[in-house]
Each structure stands twice: as structure tokens, then as C-alpha cells.
């Protein structure tokens, strides 16, 4: 048993995006917005600003708080428009060249763009573009959008942008900035979230409302699924707004995992408090699978809201039976072999006083490979629990994602590796194990069962029901990859 | 209003100490132990090991997890004995020279030493030592102990150590290592904690039990107040143990703030679960000062256990109404002026769904200057709370510490700046404010009122009742400081 | 008077290039070759390797010796083909994105390219390419070549390369690597040097022979002006060679400044030892302008060979009357104002024993702005020289370069700021000043006068006679620059 | 054959020292002085300043130019007195704790001290001091001086200093600073150099005159052998000077290797220009051992002045037949094995045009192990020399140093490993090899033969004639070392 890192066996969101137009502190606010979105990507971050004459860019590996907090950096990003991005990185290797925002010089002036999500036809388009004589310098799928914009026959940059994204399949929340415009767009189904905010008249796009809260900006509304919103700054400084719906109409199908794990608990996603939804997941989970116990213990931090809801519903006391050490956030650990064998706990430790001699219900948000769950159950047993019951506030994960979430190969998912929940329980070593049902999940969010004919959410993780075509997966794009450049940094 | 850092207006513990003898992974375990004690000092850390021939040392500014996690560093610290220290630094400027463990070459061989606490006669002794022809190279008070050991007429290193500490007043948990011995000692009143553990026969000293838990070591017992425990490794590798009580007998008077704030909630201090004590503080606080409310909201992370206890006792639901962003742990922030004025929230954000339109009881562990409380109350009001009641799980702080805790000047303490609790309430902008009474505090810990004739704990923060002489404070040691060396790095 | 940096008032060569195919240590040898070419660019360096499947890249700001000397870095660059570049940077701002080799994914596979020189029609072509829907991500002119290669209708990568460079005007020594080929090319006039070497059958291209010497490679021949040499590795590992002359025939017109200052003294450029040429410059200079003196003192290091030649010819002893401190090579110095005023000498100091009371002839290779010369003359006077005569081993510089050399604006050149050599002499404060004549320069190189009808060398610095069209300069490409991205790093 | 580093097979000077009193730019000038003394120690450097109230210190590993060149660092060193040191480090492991200036708090106020040289009785004294109850925290011998000062019964800090150094044997140039005084001292024989300078009334001590030249300070005189000079700043800012001769009178016996290699060529040491002395060494060397040849080639940089003298005397032309690449100054190189075998030349390269087909006389200043000489001879042969004659401008080195110079073990010295000069010649692979005779050396310096009864210089390297007792060497101080602390950083 190696170190317990409660985050390493989670699905990882790829990115957070932020853009603002018409505020003298544009870059500073973007840095703060990205800091609030840090949970959506910790590998790298970048900001591009435009000062009326030139674009300026700073891109760095590491946390926003490590690189964008001093006045000198912010001063290198002048202008009243700015765009920012935090990166986790799945498609495209992690090289500084791939760190967003990406930038291109077009005939109509420069454009910077950043992207949360994943295109399911990017490689197919990329091969086509290269074949026609273009050059690709990054391995980022987002570069494809830039090429499509560059090749559009439209004259107006807003129209060129719309022209380009109409060719894209998959999931995307895009924010772009030109010399006069700030553009936000969400894919046809609204798989990835994007909200519109306002700070003293300056429009803002952000992945989540928590990025508005940190700077005191007002939440205006969600960008709609399939909507392109274009803000344009006129000569006199005034800002006009335009909304376009370039796609065929469709109902929203937001990614359900935003509620399960990705979004911050204090964000409001599609009109729902994430914290409240998670408490209700815990509450429904209690209704579906409660057993007699002495204490409800969350796996921190992601299991806490569901555990509060579960405890409230079941009447069993909620206790911090596991303490999380927040000092290791960003450290690479390379222990000696003898220590690796010991099973030490760098991030989590059992709070023995709440565990010893007790029947414990552990609450976690999800199980991916099951490796961390196994270690946590063992730690709780070693701390003297008489029984350990694991309750998971979402259904078993059985299918990978292709919309910007880092998922392990299908055969690494615990639910696929063993026959049933009973064997999963055996694997993690618990006395019992239950998952929230798919209808339980839908009810916790919306008060209704899943509409199997027209599901309200993107939920392929649990159902294998992918909401879009998977063009690249169907095609053969391996050839184009043969000579991709790998760069260390 | 500048950034809200919930930790910056807390009293800060100075140090954590750890020592182990007779284990081949001594340095690696010491690194892990220090990691678990990181909350007791984040400025610097150091480890000294002894390999039978030589002492080896690594001392670094920054977190344990930044400097002691790779195999190469651990390999530079060979040997089966090791000593480690995390530093916050109050007395003595923070220079690498002052980072512990300190080391000295004595006639009887080398000795390394580390210290949690503060001597109240160190400067007096220091001036005396310098006057007699010794040289002091650090500004650390701990160096004085080394001088006293060096000057002792005793021949045995254990006796020399005991000889030295008998001259020291104040608070100390000391761990020392010589070429054959590991020594742990606690001051006569046991103001600072120190526990004895065991890992497969290898004895361990540590500030708190959480440092034993992380490496799977067994808790043996607390080192007693006024006790010196000496482990000696014989030629055949066996380890003998000896306990000495060199001081005049006294009842233990542990620092009460270990329960209020310093110790980790999963530690057992003097036989009591810190988490349980804090829950009881919340429970008693509820009994003493509850008001009608809709929700109990802790100031994370330190207010959480008391809030759970308070919620349980009052029956009002516990909710994470404030979300803490853990990504900024170690970042220095230098915002632009316009942003500073905005009151942005880098570490804490209101979870609006739990606050809006509600009567909120905020639970925090203590109020020092009151600056952070003011910002938090304002943030909760801006999130739409209809009422904000602040409840503090300890009494008002009215006196500085001289035993190793970083306290502001007496006139910066909010309780000293205004007339009474009503004015404190007005200062922080709450609708009501209550503190746990001193007897409430004692009852939460022990089930008994304070014995004013012979108080069970060190509690001068709340009572001005200092448990020892304050020799340096009485004397005039300003002269000796005139030419102290200030070193930047 | 601020610090004397003898290099800061020199014309600066832009780049050094190196490529090798078919050797298992390709990247390591490229690193060594670049190290030998470090004098051609100290701002950044990059290496791309190809391992039969993938391209690998490492690009860094700073010296080769700072980033490419450890085994780990070299191991990240596997394969038997490699390409490397050192950068000084004139056109295109210095951002990591612009650091070469540049890479592009083409329909026919990847290609990496690096460039020494400057295209005089790059911006014109760039605007045309952008207008047609391509995107440019760097501000480097070299990217234009990649676009032209991508757009070529040819099917073979060698032909596509040739197709592309036929459209380029100006000066270039290009080395490119595809999945099977190593390509070297020199512009029609051979303005920038490029040599062909061989190491155990592995072909090498390098800017100068010193890069062959460092790895023990054999010098084969110069790449001819206007020649493209293509090496192709067959399936069986054998390497074929092909030479193409795609341009209209022309006589070589090598940049004369390679002899004056750029090339390393131990290099053989176009068949001539640079050291020997410089000694002959000193010898002719003595013939043209000798005055009675006691000592010949070079301005180190660039003036040394000419001073040796001058001393030998004149019979006046050569002495190291100025000592160069080599410890400051790469340090940025920001002194306090009061020190700036003092005129301290961080890099050069007078060797008083050789100067005091003596008539000194100072030998330098060139005068650009004259600022450093002024300081050096003053330093020599302060060291007690009775007379100071400055002799320059090249003619006065009167025109800027557009072929990859960083020259100040025309009106900053000392020769343009004052009326004649007498006023230049007054400006630098010497007792007399003489320059080598243009025919003296040609004679020192070749034993013949300049052929004004068909000059043997590129010498516009001294004559304003530019050997190619200056298309960008004639056109208006300012528009395209309006929104160029500026990136700090 | 591995890389040729012409410096790695040299004797290495341990330290440079600098001190100044009474100038507002004290620290900045000290930084510049240390920069000029960088050749005397490149591992670490430190500056201590005193601002009238406090001492301030900055100590760093690395070059002066890397750490002391920005205004911020200099501002952290306020005051009109400053002391600086550059370190090579021989005795005492290289840990930041050992980097000088060392500082101690005494009863009479603080004192900072720095030292060039080595005490031959430091360990003996150290053991005595430790036995009497003092503690030693560094492994630097200089700390012993601090202890002796602290223990002195004198009341005046100047007298205490004198009291202390009277107990020291060996070689030392010491500079110390107290709250009011700047003190310079040289050992009884003046083995290590120390000069006195003046800048606008502010007295300066420095190891060499080049440190005065860089800041435009006036050379006043050498500190005499056995002299202590004490400057004291009065209340009114005026500075008084006192000279004490505390040792038994003796003739100066300066270390002859200062002339051979250590000192910078532009320094004046004991009244002689180092450059001139080295030229005369070359000249006498030519008289003693010239052979017919075509060219005189120095091993750069240390062999250059002697080669100029040799060429002048012999009439054979001086040429830069070896080019030194100055870009690798501070880089650690870890090549792959296959490259190591190649014999590449990172620092030196043959200038083939001056070597090929020629009879070459190589001039170097000394041979220590002979490893570098072997590689250089091979490189010259590979460049096509028809004959290679090595001429060394000093006698064979046969004995180690104990006065602050890093010498290899006696049995590693080439002169001790083989029978005679003929075998040394064979070892390095030259056609002939000759050394300057000991009388030739003395004549080059002073025009007189060595006075064997009372040698004019310290020359044990060549004669085994040590000028002082070697107390530590005679005693047994190994015991005291057993538990010395080894610290990595």
C-alpha cells in the first residue's frame, strides 16, 4: 500500500476558463478568477491581455497562485480585456506550447482562445487541415479551431468564430478575445458549463460562478447550450452584446459529473447549488441503502456535503473521522521502498477517537479504480472500527469520457474489473458497499427520474449513453500522430 | 479590506519536534513525522541524523514536503538515529543559522538538539555566558542550552543535559541526540506537549501523537512534566531506557491553547482527543450563549469541530457555509491596489446557498486582533445572511504569551482595544458575539471548573496568570541585543 | 560612465546552427556543437531529435552549457538525427515560442528547421500567407519557411523545401530535418556561412568548423552559395547524398564581418583561417597607419589577433595591457547610482605596469557607437599612458545590416554622428585614431583590392552596398505587426 | 580522455578578503572588490555590513556576480562599514555555515571576521577550547579565532584581536570589523598578501590591488608581515589609525605561488607587477631551456604572460595556438559515456592554422598532477604539430601546502609519481619538457638567487622547506573530528 492521495483516484476535469472585457484591472481579475477555478486544472495556467495595440501573454506551469500573484506579472499584462485558462491536460501532451490561451495572427487581427472540453472530431479535422497545406505547431485540439477561424470566408471575426465552431463536435465551453470582442460559446448540448457575469458593466465569462464571487462580480445567467455571445467594444468604450444560436436546437444535457465531483460546492451550476445537490445525493443515498451505524464519516474533502446530507437524513451523527493534511497539495513524493511498504498516510489520517469501536459509514462521491477506497477502508479498520460500510453518492462508473475528462482505460475501472457490487465490496474490503442509483442521482438533482428517451444530463460514465458522435474514435487518426513533437517544457 | 486569510489572525505555535533512535529508516520517518507536525511551524525544517561516525544535517526554509520527500535527500541523512524540527520562529530572527536542530561539538562528542517552547531566562543566561568569553553564533535561545551543556562539569552526556536544563526557566519540549543517546525532556509544568512512541522497538519522541500515527508507530505514553527520558544504544544495538525527574515536583499545567487551536484534531494530548475536546467546547458554548438561528457555520478549518459540537447540542443544522480554497497554502500575494480595495476572498468564500436569507451562527476557535473576523462577518452579510451571530469557542485573549507562541503586542489584541464584548461585537460587525467562559473551557476539557488556587492548565492568554517567572522580562537584556546579526538568507 | 562591457558595443551575430544524421549520439554531439557556436547567440538554444517514430524537443533560454549538459536532458532527446540552434534574436521578440528549431506537422510528416540569417521579404510573404487563411503562432520569420513548405504542391519533402526557399530573399544558412532527411542550404550569395562535416559516416552541417573540431568530426567542404544538400537515410540505415542548385548562378559574397568579428578565431571560413585573416588585418593596419609607440595593447578578446599581427609588423612589443575578467559572462548588473558614476570596470581593467608612462597603441576590431571605446581610452589614460592611439582593424561602420546581424539605428553609429575620423577621435578621447581601409580589409583577406563592379564580399556595413533586394523595407508591413503577441516567457 | 579543463589541475587559492570603513557605499564597493578577487575563490561569497546599530549579513554559494549585483541585495547591507570574503574552501567542508565572514556576539559587541590562509595549529587549539566547555558550530578554523577573541581578558576589542592572533600559527591575512573598528592583520612572515588602500578617506583592506583598481581606490601600501592595523571610527565620524607589531620580528616570506599562479596579472604584489614577474619567468625559462621551434603557444589564460616573455626573449613568434571558450565558466558537465571517450574539448581548442606542421613550444605556469598537460599535448599533436615541447614557468611541485592552498595528496603530484623530468615528459607525451629552476624563479622575481639560509619566499611546494611549525600535523587531532557535522547546504 502506498501513500493515500484521495485525489489521485478521481476523474479529473480538464480546464477552467475566464474572460473579461472593459475593465482596467482585467488581468488581475482574470488571475483571481482562475485561482477560484484552480480545482478545474492544476498543471498550468495562462493569461492573455489586449491593451488596444498589442496582445500580451504569460503562460506558466504550476498553480495560478505561484505565478500570477505579484504586481510585476500583472503589469506585464496591460489592457482592459483579458482571457485566462487553467489546464489539467488530457488530449495533447503537456508542453508549454499547448498551454492556453492559444493565439493566432489572422488577416483580421489577432485572436486568443481558450477551451474547456474536448472535440470529438478534432483529429479528423486536423488531418484534413494539414493535408491542405497548413502547419500545426501545437498538439492541442484547440489549435484546430484557430485554423478553422483563419480559413473562414467570413469577414467579421465574430462570424468567423461562429463559422468555425459549427464544424466542431463534442463538448466545449470556449472563450475568445479579438482586438475588439470578447466571445463566449457553449456546445450544442451544453455539456460543459459556462456562465455570464458582470462587474460594473464589464462582461465576464467563467466556467463557474465561484470565479464571479471571488471578485465581487454579479451573476447574470448561464450561457445557453448552443449559444454564442459576442461582446464588442466600440470606439467610445461602450460595449454591445449579441447572442447567436448557430446550432440546430437541442435540450441541454449538462455533464452530471459537474454535480458529482467537478464543480466547487459553492458554485451555482445550471441554477442549482452544487452543495445542495450533493447534500441531496447523500440524503437519497441514505434512503436507498442505510444500515445501522454509529457514525457517518466523509472522505474529505469531496465526500463532505453528501455525508452531511446522509447524516441529516439518517439521524446518525456526522463526524470528521478522517483528517486531511492540506500541506502536501503540490508535492511530488518519492519515498524509500521500506516506507512505501508501511502504508503511511501523507494526506489522510484516521481520527481514532471517532472511529475506535464504532460502526462507521464512509461516504465518498465516486469510485474509479478503487485503489484509494481500499486504502481508506484499511486505514479505518486499523483505527479500530468494528464495521466499515462504504456508501458512494453516485452510480458505478463503467465507461470512459471523451468530453474533456481524464478517465482511465475502461478495463481499469473497478466496476468493469469485477462481476458485481458484491465483488467490488470484497475488493475494497468493506463490510458493505452501496452506490446511489441512477434514478437516485437524477432525483437528487432535479426531483425526477431519468428520462431514458431524452436524458436530462450527460451521464455516459454510468450508462454508456454518449450524447454526441465520436467521429475521431470511429475514424483512423493514428497516422497523423506518428511524428507528433514531444517537448519537455 | 484586504484578503481574508483565516490563519493570519491566529496565535501561532512555534515548533514541532521529532526524534527516533535505532531504526534504519530514521531520517525518512523523521521527515514523515515532521510532515504530520507541519501545522506547528511552516517556515523552515531541519533533520540531523547520526550514522555511527558522523552527524549529517539538512536544513531548509519551506515546507517539509518541499525539501525532505525525495530519496536523494533522505540518503544524505544516513544512520539509525535522527532528530527533526519544524520552525515558525518568534524569538530569534528567521535565518538558516537559527533553523534547528542546532548542533555543537563537545569534548564528549557532538550533540544535536531541538526545542519547542521558549525559555523565559534565555537572554539573561546568554548575556552571562557571553560575558564569560563564549561566542554565540545564532540568535536562537536554544543555543544557550548547548552552551550550558558544554560548560557542565558532568562527564556523562545525559547528566550534562540534565544539568543544563535545570538552569532553564519557561516552557520547553526538548529532544536531543548524541552519538549514543536520544533524550526527551519536558519543562517542570509540562507547558508544551511531548509524547513517547515506539516503532518495532525504536523509541520515538514527538510533539503530538499524529506524528506517531503517520508512520504506524505505537503511542506509549506522554513524557511527564519535569521528566527527562534518556534512551541509550549499547554496543550490541540494544537500547536501554532511563527516566529522571530533576525538577522540584509540580502538577502538570499544559498550555490550554493546545486544545483551543494548536494541536491537530486527530491528536491525543494528555490523554484527551483534541477533536472531542473541541466538540465539547462547542457544546458548552451552545449551552452558554445560544440564540435562535437557521444554520451553524464554522470558520474553516479551525472552527469545524466546535461547530459540529455546537450544532449537535443546539439542534440547529451544521452546514459548510464558508468554503476554503486550499490552493493558496504557501503563496505570497501582492495584489494591485484597486483589487486590495475590493475585498476579494482568496482563501474563504461564502457558500451563498447556505447563507442567503438565513440567521447564521458563525463558530470560530478564538479572536486575536479581530481583523479576520470583521472580514468574515462582512462576507457573510454580503452573501445575504439576515442575521450574523459570532460564537467563539474560547474566552477573550487579553495577555501575550512568553512560552513559544507568537502573540501580537498586548495593545493589538481586540479584547484590549475596546471596552467590552459589546464593543468587540460592534467592531466585527456581528449582530451578537459571545465567548466561551473560562470555566466553560475548563469544563469542556476536564469536566471541572478552573481551580484558581492551583489552575489545571496554563491559561495566561485569558487570565494573565503566568505559570513561571519571566526573568528576561524583569531584567534588562536590551543591551546585549544591540549588535545582533540580521541575516537575510 | 557606466560599466565597461567590451561586448555590448559590438554588432551581434544572430544565430548558430548544427545538424547531424545517422549517429547514436546525435543530440549529445549537437549540444557540443552548439556549445562551440555559443559566440553566435547566447540568449537561447534548442535541440530537436528524431528517433524513428517521434520528434523530441528541448528549448531553453540561456547558455547551452546551462541546459544541455546533463545526461537526463540528452536522454530526453533520443534518436540518431538531431538539429540545434543558438539564438541571439533580432527580428521577432525573444519568446520561447520563437526559439528554434521550429517544428511543423505536415501532411508528409513532421519537419524541424533552424535558421541563421534574415529574410528580406519575410514579412511581405507572411502577410500574404495570413491573408490566405493560415495562422502564424510565432513572430519568427522562420515560420514563413514552414508555411511555404506546407503549401508546396511537391510530394517529396526535399522538393518541398527547395520549393519554399526559392521564394525567400536575403541571407540564410538553413538546416532542416524530416523523418528521413537532413537538409542544409545556403542563400544564393552565401552571405551566411555553413560547412559540411562528417563523423564516422554521419553527415553534419554547422555554421563554423569549430563545431566540427569540438567533436572530432572531419571538415568535408563548405556548402556552396545557393546550394541545397539533402542527406536521406534509407531503410537499411545507409545515407545517400544529393546536391541541388535551385537558384540562378552567382558568385559567393560572404559577409565580411565573419572575418572581422563574428567567427571564432580557430574556425576556417571559406577556406581561410579566421585567426590568420585577423592577424593580416593587424599587419595591414600597421602598414597603413602606424605611429611611434612603446606598446601594442589589444582590447580583449576580439582585438587580440589583430594586435599580434600589428605588433609583429610594426616591431613594437605586444602586451596584455588590459586584463579581462571572465567571471561576469552572464550576469546582469544593476548598480547603485553612486557607483554607476564612478566608472568602475567589471569586465576590463588596466594592467597599470604595461601602461604607465607609455605611448600605447590600442587595437580593436571595430567601432559601432563608440561608447565602449571612449571608456577604454579613459581607463588607459587614468592608468598613466602618456599617449593613446586607437587603431581599428576594419573600416568605419556607416550602414545597418538586414541579414541577421543586430545593428543599431543608422544615426547611432559613431561614424554617422560626427563629420569625420578626426571628430571620431575627439569623441573617444584618443590622441589619434585610424581605421583599416576597405581595400586594406580586402587585401588582408584575399590579397586583392575590392572589385567595385562585383565585390567579393558582402560589406554594406562599410559601403552601403547591399547585395540583395530589401523587399520588406520597400513595402509597408507595419500593419501586420499591429497585434503581434508579446510574451514574456 | 575526458574534458579538458585547464583549471582543474591547478593549485587553488582558498580565499579573497576585502574590508572598508567610513564610506556610504561600503557594501557595494565590497561586492565590486570581491568580484575583482573572484579568482581567489569561486565557491561562495559573503558580505557583512554594520550600520551603526546592527550587523547585516548575506552569504551565498556561487559567484559574487550571481548574488551581489542587484540593488536590493546591496540595500539589505546598509552601513558605512563592510567586510567581504570569497571562498574556495579546503579545510572545513563547504557548508553555508562555514561561509565567511563569520560573526560572533561578544560581551563587547559583535565582531565579524574573514580569513585568507590557514592556521597550522587551529585543530589543536580547537580541541583545547572545546575541552574547556565552549561549543563550536562551524568546522571552519576561523571560528577558533573568534573563540580566542571572546576569551581574551583584554577590554578593548583591538587588543582582544591582537591577543587572539598571537596564539595562531600558520598563514593568515585577516580582516575584522567591530562596531567601531576595521582591523587588518598579516601573519608574522606575511605568507598571504594583504594591501591597504584608500577611497576618499575611507580605509580599505584587500587581498590584491586589483580590488582597489576596480573601485578607483588609491593603493597606500602593503600591510607588513606581522602587522596589525586598526582603524577606529570616532563619534564625529573621523577615523584614526594605529599600527601594532605583536609578533617577534621576522623577514617577509611571501608565498611564491602568488607570482606563479594565484594573483591576478594586473595586481601589484609586494611592490612587483605580477604580469612583469611572469614575463620574466618566461624570459628566464627561455634562457634556461630553449629549443628550436616555430611558434610559442601559451596554455590560456595562465600561461600567457610567461609565453609573451619567452617569445620576446627567444625571438620565436607568440601565437594563440589554443583558443579558450569562456562560456563554460561555471557549468557542471555530465556527459554520456560514449562522448567522454571521444576526448572532446569544452574549454580549449587547438587553433589548427597556428599548429599544423609546426614545432610548437607550449608554455604553462605549473604542472600538478599532469592530467591536463597530457590532454593538451595530445590535442596539439592531433592538430598536426610536428614537435611539441612543454616549458613550465616554475619548478616541479613536490610537496603539499598547509597555508590555505588546495593541493592534492603528495603521491598524486606528477613529480612524485615518476623518477625524473624525463619520465614526466614521457607521461605527458611531449617531445621535451623543462621546468624553470628554483634560482631561475627567484631571479625572475627579484634578480637574486635563493638564499637557502634565509629564503626570501615561502616555496615549500618546490623545496619542502616549510616556513612555520605544523603543529596540527605533528599532533593527533583525528579524534576531535569523529563527530563533525556534515551539512549539505
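We call the chains A, B, C and D, going by the order they appear; numbering starts again at 1 in every chain.
The criterion applied here is as follows: contacts are C-beta pairs under 8 Å (C-beta built on N, C-alpha and C of every residue); 3 or more make two chains touch, one makes a residue touch a chain.
Remember, it's a predicted structure, so these values are computed and weren't measured experimentally.
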| item | value |
| --- | --- |
| Reference chain B; chain at largest CA-centroid distance | C |
| Mean-CA-position distance for chain D and chain A (Å) | 61 |
| Intercentroid distance (Cα basis), chain D paired with chain C, Å | 37 |
| Inter-chain centre distance, chain A versus chain C - centres from mean C-alpha coordinates, in Å | 48 |
| Touching two or more other chains - residue numbers and ranges from chain A | none |
| Category of the chain touch graph - line, ring, star, complete, other | ring |
| Touching residues (chain side chain C, partner chain D) in the complex | 24-25, 28-29, 32, 35-36, 38-39, 42, 63-66, 69-71, 74, 210, 213-216, 264-266, 268, 273, 275-276, 301, 304-305, 308, 312, 317-320, 323, 325-329, 331-336, 338-339, 342-346, 349-354 |
| Contacting residues of chain D [partner chain B, same complex] | 48, 50, 53-60, 76, 96-97, 102-107, 109-110, 112, 130-131, 133-138, 143, 146-147, 149-152, 179, 480, 482-489 |
